[in-house]
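In what comes next, chain A is part of two complexes: it sits with chain B in the first one and with chain C in the second one.
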Partner chain A sequence: MFVSSLIEGIVIGSLYALMALGSSLVYGLLRILDIANVAGLVLAAYVGQDVFSGTHSLPLALLAGIGSASTLGFLLQRLLYRSLLGRSPIVPLIASVGVFIAFEELFRLIFGPYELNFPASVGLPSFHLGGNLVTGVELLIVLVGCTVLVATWAFIRFTRVGLTWRAVAQDRETSAAMGIRTSLVMGVVFVIGYGLAAVAGVLLAINYNSITPTMGDIPAYKVLAIIVLGGLGSPLGTIAASMLIGLSETFVAAYWGFVLPRDSIAFILLIVVLLLRPQGLIPGEPVRA
Partner chain B sequence: MTYYEVVTTTVTLYAILSVSLNIVVGYTGQPHLGQAAFFGLGAYVAAALAVRHGVSFWLCLPASVATGLVAGLVLGAISLRLREDFLAVTTIGLNFVAIVFFEKIPFFGGSMGIYAIPLPSLAGHQFTPLDFALAAIALLIVTIAISAYVDSTWFGVSLRAIKDDELAAASVGAPVARYKIAAFALSTSIAGLAGALYAFFMSVVTPDSFGFTESVVILAMLMLGGVGTIRGAVVGAAILGAMPELFRFISNYRLLTFGAILVLILRFQPQGLLGDDSAVVLALRQAITRLRTTRHSAHPDTLIRHGPA
Partner chain C sequence: MRTKRVRAGAVVAVAAALVGCTAAVAIAAPTVHRASQISIGFFAPESGFAAADGQSAYDAAKLAVNQINAAGGVHGQMLKLVNYDDGSDVKQAVSIATKLVTQDHVTAVVSGSYSDQTLAAAPIFQRYQTPMLAAYAVNPGIPAAGSYIFQQDYAGNVEGAAGAYTLVKMLHATKIGVVSIDNDFGHALVAGFKAEVAKLGASIVETDFNQFGEKTFTPVLQRDMGKGANGYYMVQYAAEAQQYMTDWNQLGLKKPLVGTEGVDSTLQFVKPVGKAADGLIFTTPFNRDGANAVGKKFISTFAKAYGHLPDMVGATTYDSFLELKTALLKGTSAEAIQASIAATRDFNGAAGTTLRYTSGRSAVKPVDLEIFRNGQVHHYAYIRNLSIITP
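Showing the complex of A and B:
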């Protein structure tokens, strides 16, 4: 039971980390808690499923998903968030909540209220680990999760573009005065952030073989919890918080499942950690202006 | 005839929630995206007591108020430790956790909810839809009265000071912590009471009637009408509550409409329709001033005798 919970916890933690990384980047840069990022995740799942059922090609489906979500992200920052930048951080959050519920309704109207399946095979074998079956999709989730997180961290840390991101995160106006094109940086971060959400959305849909209009509800709240728990939008904090939530969920579900409902654990962790460490688990990079 | 009474009751309940939310969001300036959770808590407590333990409607009401009060005290205490966007996330999370608990805790009856809640009666007379509508309106009037009274007291002034600048409010002697907690508790007690009325009115409660989207709907009403004003809260609830009824086609796009309204209001008219300094209010005020000045210039004596006061 311990090993199987550990494996499941790592898989779920990787999935959460993938889901949260995009919003976490946006939060790190602009201090906007962007719940609409999860709408991008669901959009990518639907678009990916649609393309997949037409072409039976997973790479194409993934690309289409990333394209649609990134477009959404770019449009949102251009049309909505940019004009809300000077306001209290609550304002963009509530606006993104409005976008989120509007999109939930759109998904229902366009794709129907019923559950869609995404029966893709990822081309990785299932195998046994300590007597527990690990499916190919689960392996892929962990691999993609690790790769993407390390790549993002290295990108922000070591590249010149990453340096401009950190500069804009610290002080938008000074960065602009130093010749950084801040509006371009914001656009790129939203495109990448929503693209990452798209990858998470397609993997999520394949893993559970299910897509529904409201599939973003619980992820949305967990993504917010992960960003807050992880501190100020640092990739390392995101990983730590995702793994903490993923593992606690599976272990509590395995050992005390009758006391605490699974989806309440992220929230209880959130409250406990915030009360003990209001700055989050890993305050990390000084991304706050 | 029943149709109008049902719509009136629904819209009035929304107005009560919107006015109660205004105490936290409008007066105190605290983000609160979880009012539906407290509404649901009140509804569930009343439903469980009435169906499982045969408690009468009139005893369920105080029980729901007490539950809302205690839950609000806890949330208020938590709010003291959190920066504003973290508090917003916490209140969002509340919705999801509340639903999970309604579904999974046996006392709350699981995903089927609680049904067959008996009709309340007063002196042997069973409640009709009209009685529910009247009860809701009475509760709305009480809520408005409490809210207006709060706004006129030192407590209310302190809340607005906390909204503008917490540190400055504390430095002039406002007990920030106690007043914040009190604002949350007052708001959620009213929501709990409204929930009890809702449970008996619907005679059934299900977990998904109290989700995140309902909290957003309530907030959208307040934002549309005008945050910080009672008239805004009531008018916003009336518009958004009645809209799906007046325009049938909207009811299929309800959340799409509400989400879009929320975004548009925040983007273009953050004061809402009737908030202080909103376009409508400014235009009205200008019109009134113009009316007065023309009258005054016609009768210059009135100016001298009564003065502009």
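Showing the complex of A and C:
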């Protein structure tokens, strides 16, 4: 049971990390908790499923999902968030919640209330590890998760563009004064952030073979917990928090059953960690006011 | 002097105008001896996480009303469906109930909603003495709200007991793992299940209640396996049951597994899960194979109208309207409707035969068992033991 719980926890943690990383990047840059990022996750699942139904090509489905979610992210930052930047942080948060709720109903109206399935074969073999079956999809989630997370971290840490992002995150006005096109940086971060959510959305839909208009409910508030628990504005912290939550949920279920609502575990951990370490697991870089 | 006369004249003129207007209104307003329509209230979760079930129920409600009206209505009076979406929200259900009785002045109500919402709305209908039929909400607390509230589907504890009988007596399980959705529906079924398991001398290794949206059942299934479970009881709705079956198959479990009417959804479970559910037996009132004339007509007209086969939610909603029509034919007052439903005997509906209602207004009807074979749902058996099916 320990090995299977460990594997299950790593898979779930990888999914959480992919879900939360986009929002973490956005927060790191703009100090906006963007719940609407999860609307991008759900949109990508629907678009990906639609494209897969017509083409039976998973790469095309993924690209379509990423394209649709990234477009949504770009439009939201352009039409909504930019005008809210100077306001109190609660204002864009409430706006993003409103956008998310509106999109939930939009998905129901466009795609219908019924669950859709995404029975895609990912081309990877299932195998037994420690007596437990690991499916091809679960393997793909872990591989994609690791690749994306490492690539994102390396991009931010070692590239010139990443340096630009960090500069804008630290001080937007000074960055603009230094010649950095902050509006372009914002647009790119949203495009990439929503693209990451899209990858999570498509993998989530394939793994559970299920897409519903309300599939973003739980990720929406869990992403909040992950970002805060990991350390606001810290992608590494987001990854650490995702793994911690994924493993905790799985081990609690394995040894004590559903003694607690699964989703409450993330918030219990959040409270405990913040009491002991208010800055989160791996704090982000300090921001000049 | 002249001013006084003018004033007096004005007063008389105004008074005459007022009297005249009143008379005109009295003459103009028709004396209504009989309404031209009979308003029937209906609410279901047409948005939110349960939208699929709500839509199915609403579709069945519309079909029933259309068919009743096409056949001449109730003594020439057409039924008017007053529909509201409760959004799977208890607070919304309460608002809707209040509106139906205080503003829409409906003659009767059918609940096409889940137990939580129906449980919250029932006391309001009782307070306003408006008869209500709960189509598929199974919590025993619903008819307990009062004399005007009826439960058209068998109660949750009955269904749970039937599930226990199936697992223990028919499938010979002795140690059972239970995983149930954490709501009124789940708790009602598990309570009935546990009581019957105890009577039959079997035992339960663990009982777990999960939230809506749970996607990972492997840990609890493995834990139950480790504790020696040789039978499993799954009380889930379609979305959660789908994930349960995925994990069940991944673990390669080959033990008896009994589910409930929560999985009886053509679009949400039968079609997507298909052969992965082979071997699953579930309790439901809706026997597709052995459908009587009413059932056959319902299945064919529903499929024609909506492009897919109906499910339990639709069948029980449809039956609720047919029962209501039967009652309305005997009288449209609340007391007449209440008395007629209470006196129901051997009502043949799409979802089986309602033998009668208990004094507590719960339906007594045989429990149908359906089984998945080759990805399709087929009739398996009936449980007719009165000791089990009588709430």
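In this section, the second predicted complex is superposed on the first by the 283 of 289 C-alpha atoms of A that agree within 3 Å, B and C clash if a C-alpha of one lies under 4 Å from a C-alpha of the other, contacts with A are read in each partner's own complex, and residues count from 1 in each chain.
As a working rule, contacts are C-beta pairs under 8 Å (C-beta built on N, C-alpha and C of every residue); 3 or more make two chains touch, one makes a residue touch a chain.
What you see is a predicted model; the values in this text were computed from it and never measured.
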Clash or fit: how do chain B and chain C relate after the overlay on chain A?
clash
For A:I12, using the defined touch cut-off, is the partner it touches chain B, chain C, both, or neither? Pick first, second, both or neither.
second
In the overlay, answer first, second, both or neither for which of chain B and chain C A:S210 touches.
second
Could you figure out whether chain B or chain C reaches more residues of chain A?
B
Figure out whether A:V99 sits in contact with chain B (first) or chain C (second), or with both, or with neither.
first
Quick one: is A:S83 in contact with chain B, with chain C, with both, or with neither? Answer first, second, both or neither.
first
Please work out whether A:L275 is in contact with chain B alone, chain C alone, both, or neither, and reply first, second, both or neither.
first
Quick check on the superposed pair: does A:G130 touch chain B, chain C, both, or neither? Answer first, second, both or neither.
neither
Which superposed partner A:A254 touches (first chain B, second chain C, both, neither):
second
Looking at A:D263, would you say it contacts chain B, chain C, both, or neither? Reply first, second, both or neither.
both
Applying the touch criterion given at the start, work out whether A:I218 contacts chain B, chain C, both or neither, answering first, second, both or neither.
both
Once both complexes are aligned on A, which of 37-45, 55-63, 181-189 or 343-351 in chain C overlaps with chain B?
181-189
Which residues would you name on chain A as touching chain B in one complex and chain C in the other?
105, 217-218, 261-263
Could you please specify the touching residues of chain C with respect to chain A in the complex?
46-49, 51-52, 54-55, 179, 182, 206, 208-211, 213-216, 218-220, 222-223, 226, 238-239, 242-243, 246, 250-252, 267-268, 272
Contact residues on chain A for chain C in the complex?
1, 4-5, 8, 12, 105, 108, 113-115, 117, 133, 135, 208-210, 212-214, 217-218, 249-251, 253-255, 257-258, 261-263
Which residues of chain A touch chain B once you look at their complex with the stated criterion?
31, 33, 35, 80, 83-84, 87-91, 93-95, 97-106, 109, 217-218, 221, 224-225, 227-228, 261-264, 266-268, 270-271, 274-275, 278
Chain A partner, complex, touching residues on chain B are 31, 33, 78, 81-86, 88-90, 92-97, 100-101, 103-105, 211-213, 216, 219-220, 223, 252-256, 258-263, 266-267, 270
